[in-house]
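The structures considered in this document are given below.
Two complexes are shown next, each including subunit A; its partner changes from subunit B in the first to subunit C in the second.
On to the complex of A and B.
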């Protein structure tokens, strides 16, 4: 994919050269900027203390929750049977700690936020942005380079944690994952990368909109708190106001109420993510609707959904998360292009 | 280009921020290989002009070109031949000076061997050999400024734009910096555009200056041209000891003295001729000790002040 993108860029670059300068003097320089920036950002991220802190946070909480889940796994197995026991490591919560899934849904945004909240305004306040912009590179190369570097860091982090936690799981419960379980875990990790990358895009947007790193950090934390914690409360309040349920026999009102609440809370990326990975890691989840009428499940064969069907169920969620990322990017581009780069 | 010699050219360049006009119809021509000083108080629009030249901000009206490239439409082509050092130049503090330069080289698509070669020669040129492998965090202000010059030269630019290069450096550092800037034009044949509000330094090294006030260029030329612009009346500053009433009479009785004013502890004498010798001789004969005999208008300070006085 990257090769294709490079090819297209080079093509347009060539046209640009041919049409405007007639000469051929080293015009390929314009797109080297992106790769140079990407490498530098990657180096910066990996050597930063911030990265180590975030990595440590995710590792410790991840390991703790999986350990606690593993110790409680006997109870879970005796209740629900031994199907997909490996996946239960990720989804079941132990005696004292929430599940791995819940942890990631809650703290995943922190990773994205920490990596991006001072991406642009940090350069600005150090006085390096105007020097950077005086080099022959496209302006969007700065955003793209930083984003790609952040994305790479996130992907490496998520997959390494996934593998370590999985390995620990094998040791703890002694049951290796089946091929389907492996596929589901991989998809879960991909979803996690997309989810964190969305928050990276959000925090980079804020780093463009606000001049000070502290302001952008605080506002991005406010957004995180709102979507992770308050969104569901707000959704409940709004749904109750629109469709009050006073009579427990009034099914129509109840359905409206619940559907409204669900639709509203799905505006939150963390709800989208939790629903999606919950479905992927739990093959017995057949629907995302909050409740079913008896005639809807009549005739349904009890049992687990095949992998393909689970994916089909959460496809819209993936698209939704990607669309939000693209939206953040669009706003970032527009505001960054319009901004004046002035030192100090 | 009509004039082959002219490398930077602006026509009616204008920038407005809401109701504030930062740059007003600027027409400027800077010739290849000269050092041009953009002078003016803070907020006169110097930095805005530079930003427009680099395509970092869009002009409200008019156009600017460098070496035939339109600064707004072809910023990449412009930035390839223009090195720019912003005021308060910043570097990545946790990288060494050498690493910072290497990054700039890479961004400009300079090959690896060429980059290393340039880094070595530039570091020697700006006198940072001892600090090149230290983190920039440990640099002093003056060292950062010198690293800034090296950074600008990494791309081997034809045009060098320096925004307030002397801000916050000690006098010794300023002296070295000025010599370095002069070298860029004389030895390398680069065109240098620098902005400053420190007149004394600018007049030392600039071939021509433009005086910028409230967004307009009110005068442009070399020092002689600027001082000739005035009305032809020469003003002499004069003071002698003892500063008594008879000294006052002596001055007023002098042939050719048109207007005599008193300013703090010296006299200002307007005349169309050079009164220095006559006045000094007369004063000495009467037993006065000379404290000050100086004709105004010779340096940029006076030129600057006279233009200001006229504006207000």
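On to the complex of A and C.
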């Protein structure tokens, strides 16, 4: 009898917990709003001309660079051997065009920026934001839905172009990728998604901070130009100012200079991304440092790093990019949630 | 032929002979009478055994002044005995003897196996005709038939070489008995050794052979030491056993030590994973592949600067031949080593030999940073959730 009573008591306790759990899932109603917004946003994106233009830009440049790399792959193979020949499609540059990697590092941000620079202020200026707010949905569903939709578009775009480029590569060079090459390419695509997602978060932040789409567009382009082009120049200038390298400089000063320059330029997401995917797609890259000490070279045997070791090498980069993305999104989230939304 | 000659006649005769000699020297070609031929041997009386073959070296000297065709004959010989003349390997009956150069002829006597003890006479005659002749009496004393052991000896009974070598001995087997002997050959050698017998100038391996009385047979004895033989002195006793006698000879093999060792790992894998600045143990095996004991095996390493390779046992006192010893080495890559492969080499050396193993060390990034990264991601996610909680749901 006692056992039965215990059983019943436990059963009721479990029911209580379950109902409490369901109570906390009351938020699920908000998620329906999120899903509606997400789907609507996806529809808008895919049917917009902007998306088509961006997609076309990425596809054309990507395919052109891979085609150019494939035509020059014989030279690359004869120089560096046939190991990981498939990855060379992505990293080697052809006669006239830069490599696929360089293209993505340069134009990848444009995708993120184009998808997000008017996400909020566009709605605001069209007057649809206040109408949206009038719907029985949570306010954060708007920003979450927009961001998730943008992320989905980016992921679809990146993976489809990755697959197309890979397929084109198989046709052009006739060598299927090995499992490790496939893993490296997948990680490269994941990195690219994260990289573009960061720029999407940045552009969405700007679309919240600035009332006019033109302002936010110009600002994000300025930010993009600064980080993609000028950051390395600035890093060089600062490093030279802090640790001047003259003809009579000793090794310590030179090392400090180089280290400072590298550390500063790593503040730029595009440098982080380039370093990371360069390492992922080049298994023979053993270090990210721009110089090696003699005791690091001594006894070193040239060879490919295992996949796991390459990942560990660029793991901080992935974390850094993710952290920046989350940070940007969190700031946009907070500022959006605290903004006044007025009708008209 | 004893002549009684008065003293005065002796004097006269000696004068005459002197005159004749003077004449002889003045007119060569004039033949001279008796005493012109001498048949002699150095040892006309010898001891023999029944059944033995003996040989007398005869010398026929010619003093006649002219070349003589000499007939050789056996005047008398005991019954059942056989004797014949031999010259330059042929049986001869006549010999031509130059006046100034004595001829050498061998006389062979076969003593019958059943000859009784006692003295026997053999008379040999050299006859050039026309009265020029000489007779030689040989005296043979047949002694008691004593049993004489055969001989089984080697000129070089002690050979030396490394354990991998094959040792080839030349052994003579002599049958000193009066009859044919069939010897069966055997050898007593340490375990794992191979001993084979073969006749000289023949590759056949034989287990027994027959030797005629008084003859000697050359044998080759091939000794192959055991595979894992260690340095030292080994004795192989070879014996030839016949129905009546057992002959043995000891052959000594001096195995000189060979020094050979191999440094490897138990699995043979010469690569290892290590982390920068952290010691990684690797088990080494040192195998003594030589035939001598290895003494004072010292382990050393050659690695990039700032690397450390430490051995649990830097010096091994002895490793017996054929044995192996395991040692644990601790490889510690330098703290600034970058991910990827490095080459280091570890070598074991003694005064005599050395062995080196080249290792490929794959330096790995510590996964702790991966864990730290995951913790940061989790912290970010938590922060985002806090932001959602605080500012969401307005």
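Everything that follows uses one rule, which is that the second predicted complex is superposed on the first by the 312 of 344 C-alpha atoms of A that agree within 3 Å, B and C clash if a C-alpha of one lies under 4 Å from a C-alpha of the other, contacts with A are read in each partner's own complex, and residues count from 1 in each chain.
The rule we apply is simple: a residue touches a chain if its C-beta (ideal position, glycine included) is under 8 Å from a C-beta of that chain, and two chains touch if they have at least 3 such contacts.
For clarity, every value in this text was computed on a predicted model and none was experimentally measured.
**Q** Putting subunit B and subunit C on the same copy of subunit A, do they fit or clash?
**A** After superposition on subunit A, subunit B vs subunit C: fit, no clash.
**Q** Touching A:281 in the superposition: subunit B (first), subunit C (second), both, neither?
**A** A:281: touches no partner chain.
**Q** Per the contact definition in the header, classify A:197: touching subunit B only (first), subunit C only (second), both, or neither.
**A** It touches nothing on subunit B or subunit C.
**Q** Applying the touch criterion given at the start, work out whether A:138 contacts subunit B, subunit C, both or neither, answering first, second, both or neither.
**A** It touches subunit B and subunit C both.
**Q** Look at A:309 in the shared chain and tell me whether it touches subunit B only, subunit C only, both, or neither; answer first, second, both or neither.
**A** A:309 sits against subunit C, while subunit B stays out of touch.
**Q** In the overlay, answer first, second, both or neither for which of subunit B and subunit C A:323 touches.
**A** It touches subunit C, and subunit B stays clear.
**Q** In the overlay, answer first, second, both or neither for which of subunit B and subunit C A:85 touches.
**A** Neither subunit B nor subunit C is touched by A:85.
**Q** Between subunit C and subunit B, which one touches more residues of subunit A when both complexes sit on the common chain A?
**A** After superposing on chain A, more of subunit A is contacted by C.
**Q** Quick one: classify A:341 as touching subunit B (first), subunit C (second), both or neither.
**A** first
**Q** Is A:333 contacted by the first partner subunit B, the second partner subunit C, both or neither?
**A** In the superposition, A:333 touches subunit C alone.
**Q** Upon superposition of the two complexes, what minimum C-alpha distance (Å) separates subunit B from subunit C?
**A** 6
**Q** Which subunit A residues come up in both lists, the one for subunit B and the one for subunit C?
**A** Residues common to the subunit A contacts of subunit C and of subunit B are 30, 138, listed in rising order.
**Q** Quick one: in the complex, what on subunit C touches subunit A?
**A** 303-307, 334, 336-344, 360, 362, 364-365, 367, 369-370, 373, 376-377, 380-381, 383-384, 387-388, 391-394
**Q** For the complex, which residues does subunit B have touching subunit A?
**A** Its residues touching subunit A are 47, 51, 54, 56-57, 74, 76-77, 79-80, 82-94, 103-104, 106-109, 151, 155, 163.
**Q** Enumerate the contact residues on subunit A facing subunit B in the complex.
**A** Checking each residue of subunit A against subunit B gives 20-21, 26, 28-30, 32-33, 36-37, 40, 44, 47, 126-128, 130-138, 340-344.
**Q** State the interface residues of subunit A toward subunit C in the complex, per the touch definition above.
**A** So the residues of subunit A in touch with subunit C come to 27, 30, 138-140, 286-287, 289, 292-296, 298-303, 305-306, 309, 311-313, 315-316, 318-319, 322-323, 326-327, 329-330, 333-334, 337-338.
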